[in-house]
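Shared between the two complexes below is chain A, which has chain B as its partner in the first and chain C in the second.
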Partner chain A sequence: MILARLVPAGVVGLILFFLAFPIVVVTVVSFSEATYLTFPPPAFGFRWYETYFSNPDWLNPTWVSLWVAAAVVVLATFLGTLAALGIARLPKAMRIFATGLILSPLIVPGIVVAIGIYYAYSHYGLVGTPIAMVLAHTCLAVPFVVTSVTASLSGIDPRLEQASLSLGATPGATFWQVTLPLIRPGVLVGALFAFITSFDELIVALFISGTGAVTLPRRMWDDLRFQIDPTIAAVSTLTIVLTVTLMGAAHLLRKRSQA
Partner chain B sequence: MSEIAQPSPIAVPLGAVRPLLLNWRRHVPLLLVAPLLIYMLVLYALPVLAMLLRSLNDPTWTLSHYTALFEDVVFAKTFWITINTSVTVTLGCLVLGYPVAMGLVRAKAMAPLILIVILLPFWTSVLVRSYAWMVLLGRHGLVNEGLIAIGMIDRPLRILNTPLATQIAMIHILLPYMILPIANALRQIDPSLIRAASGLGATPFMTFRQIILPLSMSGVAAGTLLTFVLALGFYITPAMVGGPRDITLSMLIAQEVDQLNWPYAATLSAVLLATALAILAAARHLPGVGNAFRMSMR
Partner chain C sequence: MGEAGMNDAGRGASVTLADLEKRYDRVNAVDGVSLDILSGEFLTLLGPSGSGKTSTLMMIAGFETPTAGDIAIDGTSVVAMPPYRRNIGMVFQNYALFPHLTVDENIGFPLKQRGVPKAERAKLVAEALELVHLPGYGERYPRQLSGGQQQRVAVARAVVFKPRLLLMDEPLGALDKQLRENLQLEMRRLHSDLGITFIYVTHDQEEALTMSDRIAVMNDGKVAQVGSPEDLYDRPSDRFVAGFIGESNFLPAIVRGMEDDVVIAECDGALIRAMCPGRPASGDKVTLTTRPERLRFADSAWNATTPQNRLSVTVTEAVFAGERCRYMLQAGDGTSMVLKEPSSAAIRRRAIGERAEISWSVADTILV
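Moving on to the complex of A and B:
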């Protein structure tokens, strides 16, 4: 085929190597037995995982991150799904305003969002609380829920809802028994995105997590300022496994619901 | 008046109830969206606007914070570094991303594997990927050790904490945002066009130049725009792997907030935001751009 002659497989292979290699190196280094960063490791073992799992300085931020992300999932999925159900039927001017506001966290530079939130939240004494992290991360997670649910809503055959209504089902019954089951994959994908958005988020956390709500990315950042020991490689590998599993699930869900 | 216009007896009671019901129904969409709109206004949009306002009303209403930027050497240098980094990174992503997109679209049995290699780093956090580049590019990192081992250099090169490190890591992080829209556009090209071109005697290069490239421009535009706008706001990566003196606009903003210099931080934020929005506004009529931000979903 013609494309094959234009782009040698070797070139594509090299670029793919560039993409994958850093992730592979972090994973391999995390199983090193050496006390310093070296590659390839002289011996393999789990000592950095043991350090991580026995150190409250690492475990506490992990729990904070998991709890914050779980709360963000609930809040963002609820608010985002409701909004997605209504947004397409808003009057035009209203719809443009709502879409712009809801999707804007994807475009507004992270630092601008972070210091704006820090500026306002510190006035209300929220800085350093897990609640502030949940409130802020929900704003960042909501665009993913709304786009995901909107996409699955647009794939629904409107005749299904019309049939339900004309057969005498109330709008409420139609929603619970027809619409919701049809958009469930979209809602689930949105929830997964919301979880990862919060779990991985660092810039807002740098400003508002204070000392009372240190999340895992914030703890990693603080650690990197002073040292690069392989514990971070172990933590990184664990977060890679978690996020890749969830994103993979979201990817498969989305593909299946489109098929 | 015709017979049809006469209200039928049964329509009278219904008509009395209907307007109320209809009114309520008409507001259902707004009632569904309102909780989220209020939430985002109170907890995100108004906080950001209140912060930005500090660039205009400190100590009284004034534009002096903005006019001062014209003589501000630090700002000029930082702005230049930010634009320069974003352009370099976007070009790097384009050069590396286009061949991969073609490889992805052309591959048959290998396609799922290639997609996994593209998505695996895409699904890994920016912090972890920046850390990976610290491990690779450090003084005793893999790149230096490898180059010494094969005899290319005698002493470790200083790569980490230079602009080059920032560019390499940012290209790595943003590459999928370029590959996916281009692959999307390439996938929509009718293969019979390519067969026709070569059947009519076009060389592979002519087919690429006159058919594939023009038809993939919507993907190129979307990918370029997305990459550039995201690159403008990068903070974590340049702060971690970049040079201590090569600070970007985002880093300067963070520094000013640390020193509680809110009017200056707000002014810089407004400039950064306005730059990003101006580029989006200028490009909004390009084909494919509307979809670009839907694709920014990781």
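Moving on to the complex of A and C:
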């Protein structure tokens, strides 16, 4: 009896450990005092965090990533919300077509999208500019906003908008006073995902960040290729903390909007 | 409030529907509806689902555009006017209260759109809450209210800006029977307090009979009959109305002659007299209708009215239902009928298989 319950629990435990192990290793190593990547570390300290916060080679890409992600959040949230509102009003066949088109950057393999973006942007001389990063990441982030806002919209009783109109609110007033407040959780969740999508993105960055717009993931990639330095573990841990915090916020927002 | 009976003609809008049509793809949801709704009237659009009653209401509200025909409010066509300019109150089926706003903010919403200053708004909202017997509930959110309370808030919100016309789309449909009956009476009171025109949509014939000044029975996108509850119940114009409002017996008969506006028809060998507005020809095959509670056993103590129609029947089913007994009867030609008799310990119950004579008044017999 006890064995019958312990075996599945053990299997699940192993799977969870397997999934979390890389994160655990990276986090532990980031607090290492050793000058090379080794596990388990001989002693613990914050020296690699100090290195990160004092080295412009790390800080500059961090600022690039944050600025790009911030611009992507603004653009993708605006465009994605409008797209979701428009799609909801289309006839069914066109709705499926438009949704497919918008989601295509997620469906097509990332490398294919990256190559396409690289060719297109180099034609316009955009490669290596922060604008290129913002535009490319916006394409990748818009689907998340559209999906999230569409889910919020589908949960709204269409009679609420009719009620607002019947009570004398113009279509504009109805949007600001009824529709937007009701889809706000979906919009915020979409914005968080847009941020994470941009902040974590590597493949497109490899192709188009050039030397003028090196983002943090790109810098980490270069670092791994040319040297092995535990600073990368510290950077990774900070990135994990940021991403987990944002995901947690998104989860809370979703729960609140369902309540 | 309390100014009951002030059915001042000026406070309610009159509504005229002229040959109104709404076509979806190839289906005519509303197929040529013409109706004059009087100022201050409580008019109910009654019909089964798909009869076009809700589509008609949505066109009056402005959420649907008519395919053809016209809608005039106080003599002015509103077909081209967007819903937010029509100044019509509307209560929706599931109330459609704004979940992100408090009760006060919900009721204040139409006032805010009209630029009513805050202090004035608060006063009007408080008055509206009092009108629907919910003072002190202003700070709550809709989800903290029961279904009946939400319904009252929806009514308060729809009348707070003093519209001259109130539309209601099955507003009591989601509530349990007891509450529904209380709110029906409250709607009547509200109607006489406000003195404005009500257009009410329901599929519940009892609700329609209880509340309305007039009922328009709709079927297949058309108005089958318009009239007071008594008109529709006592003098249904066709078989659909007779069957939809209350319970009816239908007797196949052949016309044998006329006496003034009373038709004499042969039914299962007996001559039955029926009220008939038209002039059917001798030999026409027709259907007569009667209400089960207006039939009596000919030898019963309840039987007092004259002149009488009479028919011989066999009892096929007998059910005691407390306040009354319900009998299924069969005439010689196979026609089934229902007879409802008020129950009394002094009256003998009929047994199944028993032969009996039934009788009923000519005024309660209608040719449809």
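One rule holds for everything that comes next: the second predicted complex is superposed on the first by the 250 of 259 C-alpha atoms of A that agree within 3 Å, B and C clash if a C-alpha of one lies under 4 Å from a C-alpha of the other, contacts with A are read in each partner's own complex, and residues count from 1 in each chain.
To be clear about the criterion, a contact is a pair of C-beta atoms (placed from the backbone, for glycine too) under 8 Å apart; a residue touches a chain by one contact, two chains touch by 3 or more.
Because the structure is predicted, anything quoted here is derived from the model rather than measured.
By the document's definition of touching, neither partner reaches A:252: not chain B, not chain C. Once the two complexes are overlaid on the shared chain, A:74 sits clear of chain B and of chain C alike.
By the document's definition of touching, neither partner reaches A:59: not chain B, not chain C. When the two complexes are superposed, the chain touching more residues of chain A, out of chain B and chain C, is B. In the superposition on chain A, A:178 contacts chain C only, with no contact to chain B. Within the superposed three-chain model, A:96 lies out of touch with both chain B and chain C [touch as defined at top]. When the shared chain is aligned, chain C comes close enough to touch A:163, but chain B does not. Put simply, chain A uses no single residue to touch chain B in one complex and chain C in the other.
Those residues of chain A lying in contact with chain C across their complex are 157, 159-160, 162-171, 173-174, 177-178, 181-182. Residue ranges of chain B in contact with chain A, taken from their complex: 28-33, 35-37, 39-41, 43-52, 54, 96, 99-100, 102-103, 105-106, 114, 117-121, 123-129, 131-136, 138, 140-142, 145, 172, 175-176, 194, 198, 204-205, 207-208, 212, 229, 232-233, 235-236, 240, 250, 253-254, 257, 262, 265, 269, 272-273, 276-277, 280, 293-294, 296-298. On the chain C side of its complex with chain A, the touching residues are 61-63, 82-90, 92-94, 96-100, 109-110, 113-114, 157-158, 161. Here chain A touches chain B in the complex through residues 1-7, 9, 11-12, 15-16, 18-23, 25-26, 29, 37-39, 79-80, 82-83, 85-90, 94, 98, 101-113, 115-121, 135-136, 138-139, 142, 144, 146-148, 151, 193, 196, 200, 202-203, 206-207, 217, 220-221, 224, 228, 232-233, 236, 239-240, 243-244, 247-248, 251, going by the rule given at the top.
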